[in-house]
Amino acid sequence: MQKSLKSEFLGITITSPLVLPAGVMGMAFSGFNISIENGAGIVTSKSLTLESRMGHKGPVVAEFEGGLLNCMGLCNPGIVDGLAEIDQFKKHSDIPVIASVFATNTEDFLKLTKHVNKSQTDFLELNLSCPNVFDEFGIPLAASQEEVHNIVKAVKQISTLPIIAKLSPNVYDIVSIAKAAEFAGADALCMINTVGPGMLIDTKIIKPVLYNKFGGLSGPCIKPIALKLIYQTYSAVDIPIIGMGGVTYGEDAIEMLMAGATVIGVGTAVHYRGIEVFNKINNEILEFMEENEYSSVKDIPKLEKLEM
Amino acid sequence: MQKSLKSEFLGITITSPLVLPAGVMGMAFSGFNISIENGAGIVTSKSLTLESRMGHKGPVVAEFEGGLLNCMGLCNPGIVDGLAEIDQFKKHSDIPVIASVFATNTEDFLKLTKHVNKSQTDFLELNLSCPNVFDEFGIPLAASQEEVHNIVKAVKQISTLPIIAKLSPNVYDIVSIAKAAEFAGADALCMINTVGPGMLIDTKIIKPVLYNKFGGLSGPCIKPIALKLIYQTYSAVDIPIIGMGGVTYGEDAIEMLMAGATVIGVGTAVHYRGIEVFNKINNEILEFMEENEYSSVKDIPKLEKLEM
Amino acid sequence: MDKRYTLKIDKIIEETSDIKTFTFKYTLGANPGQFIMLTDFEGGEKPFSISDCTKEEFSITVKRIGEFTTRLFQKCVGDYVSIRGAYGSSFFISKNKVLLVGGGYAVPTFYFFAKVLLEAGANVTLINGARTKAEHVFADRFESLDIKVINTTDDGSFGENGTAVDIAQKIMSQDNFNFLYASGPEMMMKALQDVIGDTNYEFLFERYMKCAIGICGNCTMDPLGLRLCVEGPVLPKEKVEQLTEFGKYHRDASGKRHEL
Amino acid sequence: MDKRYTLKIDKIIEETSDIKTFTFKYTLGANPGQFIMLTDFEGGEKPFSISDCTKEEFSITVKRIGEFTTRLFQKCVGDYVSIRGAYGSSFFISKNKVLLVGGGYAVPTFYFFAKVLLEAGANVTLINGARTKAEHVFADRFESLDIKVINTTDDGSFGENGTAVDIAQKIMSQDNFNFLYASGPEMMMKALQDVIGDTNYEFLFERYMKCAIGICGNCTMDPLGLRLCVEGPVLPKEKVEQLTEFGKYHRDASGKRHEL
């Protein structure tokens, strides 16, 4: 039988369960183009703020064994220009787009939502969890059950699009935070954002490698943390999860699905395996389905839920 | 000039700044033997509890890119047998030994301390941060400023040895917790314990790889997290830090020193580079000192402290 | 990174009522004396020596003892189990005249080893011992090799009558061997050590294993701190002679000592 | 894993009052057209093309423009800077008759490239353009190579009088070239494109770079989404022809578009 990667996410048909996550290749409409040409099924914009941001000075990335540190600093052209890139993309493509937005208070999230409502975007993602702007903005909103609840609830009331809450891995009790988002009306969850943050030191110049000193961890080494948090969350909520964190090979994507994800983000792996990574992983998932006789992505079984 | 690795830790002369951390090779006196023969300057026992513990069923370790998951489950022969191993080691060696002890309340920590007082141990380490016994014991003590303060203070009053508080990386505000330990009388800090925890899934059998499902992350990929937390802590406290987390090569050890550590733990790297890893890293540190003309470990400069 | 392989059981042979050989189609690339860690993710992961290893497949031969091996015995061909390895040290491959002394479920690893020794050009004699006929294994497979085999049982129910050590002592008094290898109960090896004079040897040991990658320290042998999962399970004479715990005690999963 | 190398500056040559060449003793193993990211950890990490690369050392040639390059110009021999790379695509190495057209600080990368072309047996003509004599670089070094060089300045203060594009048009009307390469201001390349007919070519582009490892998306060229740090900075004719932003706009550090 012909295996297929076709599935659904929040009622929209998708050709691949792979998602280009926020902040990866999502600055320009052409970044979406190259990602879907290479097999992504959903694309996400860079997190957009009300005003444009230049981001941190470089170095903004640093590699270590098993992953990447980044402190981009939420550079983005601002909500207006960012949505213009999405609209330009949507002129010639049916692939669903998630607009990621970032703010530090409900009021600004509402302003951003109004902009997004007027665009061609398919889903609205609330980035509640950027760890690279600690200095500027303090502990991420996603660490507080109350903040998550209040923002999601307020945005839900005015958003014309399904909304996705992007959660932080750096919290004590992911389940209560995920439940707060669900209860407040989130249609889906996106997890995980980067881990840490962490730091590296240049031992000759005796300075932190990142100019911002600290940066969030992504890449293969955060996969175990992502799987654990997704599994716990999947066991406790009924809304779909965009699972991400270190997915690099088809096997990793299968693990995410088994942990409870409905679709799978592939970010840092674009660096490791090229922009072709989406097609590569698509093929690896198909091979896995072939070997194990699953005919669709939805047939791939999930772990038994954790008892709570 | 002859470079030397000799330095001091809490007033005791050590031949190498490298520490065998708790839980690694520290079950039997012969584990200490082989570690010091291979160049370790300080050795730490497995975390000892009042009663012996068999630990979790296997698999108790799982590898991923950049690190290791473990859920040993605090297996140990109990405080009496554990201290007997230390005493047997101390019969023929001057190398300082840290006895690591684990409990979940002040009373049990005090009982453990009384046992340690009667042994040949040099330092007492309070493991406030084991993440592999969540199910059994809940969120680690090291996440609560108050708990850390109370336990350290109580133990300090009766301990005849300098005491070291081992902290968890999985907290929002490491600085306030480190300061609580310092304020309560800790003579040194040990950080970091394992990160996460995380999980891996076997996609054929569709089960978590670890029987305990979740395990703490160690190895190269946690180094950035360790460096960041050590640097923040070093900037805020005046007591020495045993820095650990992913140290595998001499360069990593130098980074730890620059981040603020006084001595450096080498755990998971024993798997990657063999038990010879201590001598290898000792030599790499000496080479670095040669190249950069530092004559002693103490001369290796630290980063400028963070402004608080 | 050490990988984990989740494999279908390809073949099961019932050797005795309590011993089965499980074969897997997988290119393991192990050396004789090494072991794998095996789990079904239902609780427990245990070390087993490799009893055969070709380019295409490998086998382990397991004795049913407790919870884990009992569950393993319920598995069928086609069921998945998950392994990692091969781990540990392997036997020195002599090209001379060698004597293998094995007892019980620890004998089959000598099947893999004997084939490698023959390829290297060694002259091989094997003492294949067991307590009784019903526990004696692999006699047929050893017969198919170009080696000298002496089967023996403690009660004489199969082959010669006597312990493997008795027989070893006897034939070593008649013949000279360049190298001796033993795999079996620790007390058997301890007894052997006393009767083999200054013949060079290697013994295959067992200790409680958890990580199998040399960090947990559960499997160290006193006082050297040799990790049986890395420096062992095969240890050479010069190391064995220094072991104070050999034949005396071992440690359980908690690290507590128990007399042997 | 891409490694980072913290290196001592081994040599500094002042090419003009605003352009310096920095040389490092390090085996970079780069291809012509590729670039490195350079930082001093004092704020900013910037891309620079490789202007020379041998087994023992490599060089970059830098124009002082803003904050970062001004600080770099204050560094001395023996000071450390940190680099990663080499990154990106490199020039196709033709064995035929080729024309290199370069302008300003972007010319020196052709020094490295010309040496590689000569080794491959190509017949090389270079147009080395600058606005004025005081900004003209590397004339001496190109002279030492077995290539045909035409120096030119917009104001005629050194070499021929005219833009590099004017000269290119002129000599292409007199002579046939199999391949053309350009490196310089984007408007120069845009103008070139209009005058070179159907000659095959590759252009070296510049866009704002942050990660340089192909994930941040800051350097993509519309509408193909080619990442200049991975698929570029050297792009072939068939790609360049599809670029709608070529000669029109670029994006700053925030991703905002600006007209060129």
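For reference, chains read A, B, C and D in written order, and residue numbers begin at 1 within each chain.
Everything below uses one rule, namely that contacts are C-beta pairs under 8 Å (C-beta built on N, C-alpha and C of every residue); 3 or more make two chains touch, one makes a residue touch a chain.
In this text, all values refer to a predicted model and were calculated from it rather than measured experimentally.
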{"item": "Path length in steps (a step moves to a chain that is touched) from chain A to chain C", "value": "2"}
{"item": "Shared chain contacts [chain C and chain D, defined touch]", "value": "none"}
{"item": "Label of the chain whose CA centroid is most distant from the centroid of chain C", "value": "D"}
{"item": "Distance between chain centroids, defined by C-alpha means - chain A, chain B (Å)", "value": "34"}
{"item": "Separation of mean Cα positions, chain D and chain A [Å, integer]", "value": "36"}
{"item": "Whole-Å gap separating chain B and chain D, where each centre is the average of the chain's CA atoms", "value": "50"}
{"item": "Chain C residues counted as touching two or more neighbouring chains", "value": "none"}
{"item": "Chain A: positions in contact with at least two other chains", "value": "64-65, 203-204, 207-208"}
{"item": "Touch-based graph of the chains, sorted into line, ring, star, complete or other", "value": "line"}
{"item": "Contact pairs between chains, per stated definition", "value": "A-B, A-D, B-C"}
{"item": "Touching residues on chain B, where the partner in the complex is chain A", "value": "64-67, 69, 139, 143, 170, 172, 195-201, 203-204, 206-208, 213-215, 217, 219-228, 231, 246, 248, 251, 254-255, 258-259, 288, 292, 301, 303, 306"}
{"item": "Touching residues on chain B, where the partner in the complex is chain C", "value": "23-35, 37, 46, 52-55, 57-65, 68, 70, 72, 75-78, 81-82, 85, 202-205, 207-209, 211, 267-268, 270-271, 274-275"}
{"item": "In the complex with chain A, residue positions of chain D that touch it", "value": "1-4, 6, 37, 39-46, 80, 82, 210-218, 220-227, 230, 251-257"}
